[in-house]
Amino acid sequence: MRVLFKTSYDQDIDLLVLPGERMRVGALIALAILAPLLLSSYYLSELAIFFSFALAGIGLMVLTGFSGQVSFGHAAFVGIGAYVHAVLVARGVPFPLALAAAGLLAGGVGAALGRAVSAMHGFYLAIATLAFSIVMETVIGAMEPVTGGHMGMPVPGIALFGVALEEAWQQHYLYLAVLLFFVWGVANLMRAPTGRAMIAVRDSETSARSLGIDVRSAKMTAFFVSALIAGVAGGLLAHQLQYLSPETFGVGMSLKLMLMIVVGGLGSISGAIFGAVFVSFLPNAIDALRALMPDGLVSQAGLESFIFGAFIAAFIIFEPDGLHGRWRKLRLFLETYPYYKRATFIRQKRYLKTGRFR
Amino acid sequence: MEMSDVAQLSLIGVSQGCGYALVALGFVFIYRATEIVNFAHGELMMLGAFTVLTFAELLGLGFWLGAALGILSLGVFGYLLDAVVMRRVIGESQASVFILTVALGLMLKALAGMIWGYGARSLPSPFQTDVHFGGIVIGLDRIAVILATVLICGLLWLFFSRTRLGLAIQAASQNQLAAYYSRIPVKRLVSLVWAIAAMVAAVAGLMMAPVTQVDTEMSLFGIKAFAGAVVGGFGSIPGALMGCLIIGVAEPFLDYAFPPLKGVYAYILMLAVLFVRPEGLIPQTYQKKV
Amino acid sequence: MSTLTVDGLTVAFGGIKALDEVSFHVEPGEVFAIIGPNGAGKSTIFNAISRIYTARAGSIRFHGREILELPPHEVVRLGIARTFQNIELFEKATVLQNLLVGRHSRVRRSAWREFLFLPGVRRGERAARRKVEEILDLLDMQHLRDALVCDLPYGARKNVELARALCAEPELLLLDEPASGLNPEETADMSFWLKDIKEELGVTIVMVEHDMNLVGRIANRVMALAGGRVLSVGSVEEVQSNERVQTAYLGAAA
């Protein structure tokens, strides 16, 4: 097992300290930068959609993974962001301003919702966010003069400082930059007091309070940051979808985001990225599997969502730490071989009910 | 809007509310016994309706026999769901457990779609006539929902307060550890609670089938029942029933008043209540002891 | 002036009074122990002070400042930190992170500065680590610094919780059964640490404890509680020889 001997406080403040981590992240970023040389423009635009989803996943990770607040309606914030951005861009507002406005507005709505639900018991919050997203879908549909209702609305192209970014590689770099900025920002937040306050609220509200954390404001901050990131992701996604309709941002998308962070591993930034990769490739994998399955099953419309559900369930039951946790175990196995102990990772269960009061 | 319209809408609302209440009963039981919130309960109701449909229509056993077999098979399904799946996640964080039940719901819905298709089907029931009284015309099936709800509430009350088994379940719900020490088979009883809850959901599915048609979208009914239970206060059964009735009655009037948001008033109402009283109207949730 | 003055404190759940007109005061620099049988209301006093429970009547003053008017998260800012009976740590975080959360009431925060990690944030992080390091050294737990709390054994967790409370630089420390679940050796360590905390850091300690050995070794005064009422306050010997206390523990026939 590798032990890092720290010689200065900066070593536990800095983000990527271990040489292995640095190499892996560096390689990923290099790969992303080189992607336009390797991929056709079709795959580049697929990659842009992937970046948008990964960003939205990071948004949800802040809320559910780090702050422990389950949201089944995060697609609503993506939707708010997408519509605000598209409407503003169509009215001639410059791209960066429109994207910022989309993020801030989604964040504002998120903070308002967070304020209202901050006193709620965990599952009330989950139901409230679910209901919120169903209501938002209907409201967007009903606001026909602005949003085009259920007929949908077209999204204009991207223009940055008067230059139209029509080529896929131009958009690729723009999206990559936005994604990296937010990944960096969230990583910063999590190594600073605000992020630790979120983790504290997730793990024990009572002791968070006793240590001086205003639980309500911590939850509101989490909602704000999370919804802001989702809103920005929505703005980015809008350009790739090219055509917005309220159904796009329904419960289905919320569950997809949830699948991403559960599969990736709740409570880790790399988990959100791993999860996004997984979810993006899942439909392709299912397509590939279709060849092996009997004809009757292949044509079934529900197959994809069944497999989605099955993956979430399987991860929750067998690997609650997600791919990130699997990776940790694998690394420890290799590092400590042959002394690996399975028991290292057996979690202590906390049974409910034994000591609760009304 | 005339007086008779108001009366008619209210009656329809009450019957709709009773439908929500039947579903809500199930997940409130499960919540009280295990602190698990079963987001898949609407799917259990849908599954119940499909199973009854299969027995009654596709196998041609008739309504009553089909209903009985359908309810029973849902009971078995509920028991197995707990014994095979939910029991494994006891002690995991609440958030993970919600996510699991939502995933199960997604799977059940997809499975139902694959087996029975996505088209709406109708389940002929013996209550498909209209009743006239005092200028009001209402389907007998609507009345039947109300009667069924009252009947089931009565039966469940008798079961939980008068039978040994019911009392044992109550004991296990209040303090699992203490019940376990008193040689009450807590695990089996919890599975039994799931079975009962699934059976009640099947009744809801079968009673609401003539009104809503049987299709996979029926599971949305469950989310509205959730809204009702939350409005009333999740942990208490009278609260949940009351909340469901409020939602049921308010819905048709609000739909009538401002149609563009038709269909989502249950959620708006719930969000509004939660903004004002985060614990619902009759609070009964638990805090962890420190 | 007394550090903590509790006056006529009544806490009730429904019709049951968990605390009934409890009054006591804690002097600066002393170790004040609260003893009593199960359900006597010992932890309830702590929970009322940290505003988890709402008091029905009475007052709790810290240096003359009324605590019952404050929201829960502001109590620690006055200088009152606590531990919990059943250990409430942040399980999926490292020991270091737990202790840094302990600094929460002493640091300034600004989410957007932290998002961009401006130089001031880094300075704040270094300063917080210097303070945390002192506590880690005091309690001799440097080796646990980067361990995840959920991987630690019970005794170590107890210490982490104590350390976390100390990171808030409290003037008054509320310890809910600091020695429960510890083996004799760990209990002995705990009693040394508590002495250090009292003498070196000058912290006033109120503790709920069943281990009379530990209480006898470090407590200056003891309060016995039963059924939500104060039975006796005084030195360890006085309280132990008090007839009402003996009745509460051993029953009336004794």
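Here the chain labels run A, B and C in written order, and each chain numbers its own residues starting at 1.
Definition applied: a residue touches a chain if its C-beta (ideal position, glycine included) is under 8 Å from a C-beta of that chain, and two chains touch if they have at least 3 such contacts.
No experiment lies behind these values; they were computed from the predicted model shown.
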For chain B and chain C, chains touching each: A
Chain whose Cα centroid lies nearest the overall Cα centroid: A
Most distant chain from chain C by Cα centroid: B
Centre distance in Å when chain B and chain C are each reduced to the mean of their C-alpha atoms: 45
Chain centre separation in whole Å, for chain B relative to chain A (CA means): 32
Separation of chain A from chain C, taking each centre as the mean of its C-alpha atoms, in whole Å: 39
Set of chain B residues in contact with two or more other chains: 289-290
For chain A, residues contacting two or more additional chains: 206-207, 355, 357-358
Residue numbers of chain C (touch at least two other chains): 52, 84, 86, 88
For the chain C and chain A complex, residues of the former touching the latter: 13, 50-52, 71-77, 81-82, 84, 86, 88-93, 96-97, 100-105, 107, 109, 111, 114-117, 121-122, 124-126, 128-130, 146, 150-151, 164, 168
Residues of chain B touching chain A in the complex: 34-35, 37, 39, 85, 88-100, 102-107, 109-114, 118, 175-177, 223, 226-227, 230, 234, 260-261, 263-264, 267-268, 270-271, 274-275, 278-280, 284-290
Residues of chain A defined as touching chain B within the complex: 64, 68, 70, 72, 116-117, 119-124, 126-128, 130-132, 134-135, 138-139, 142, 206-207, 255, 258, 262, 266, 297, 300-303, 305-306, 308-310, 312-313, 316-317, 320, 349-358
Chain A to chain C touching residues, read off their complex: 9-10, 12-13, 185-186, 188-189, 191-197, 199-200, 202-204, 206-215, 221, 225, 267, 344, 347-348, 355, 357-358
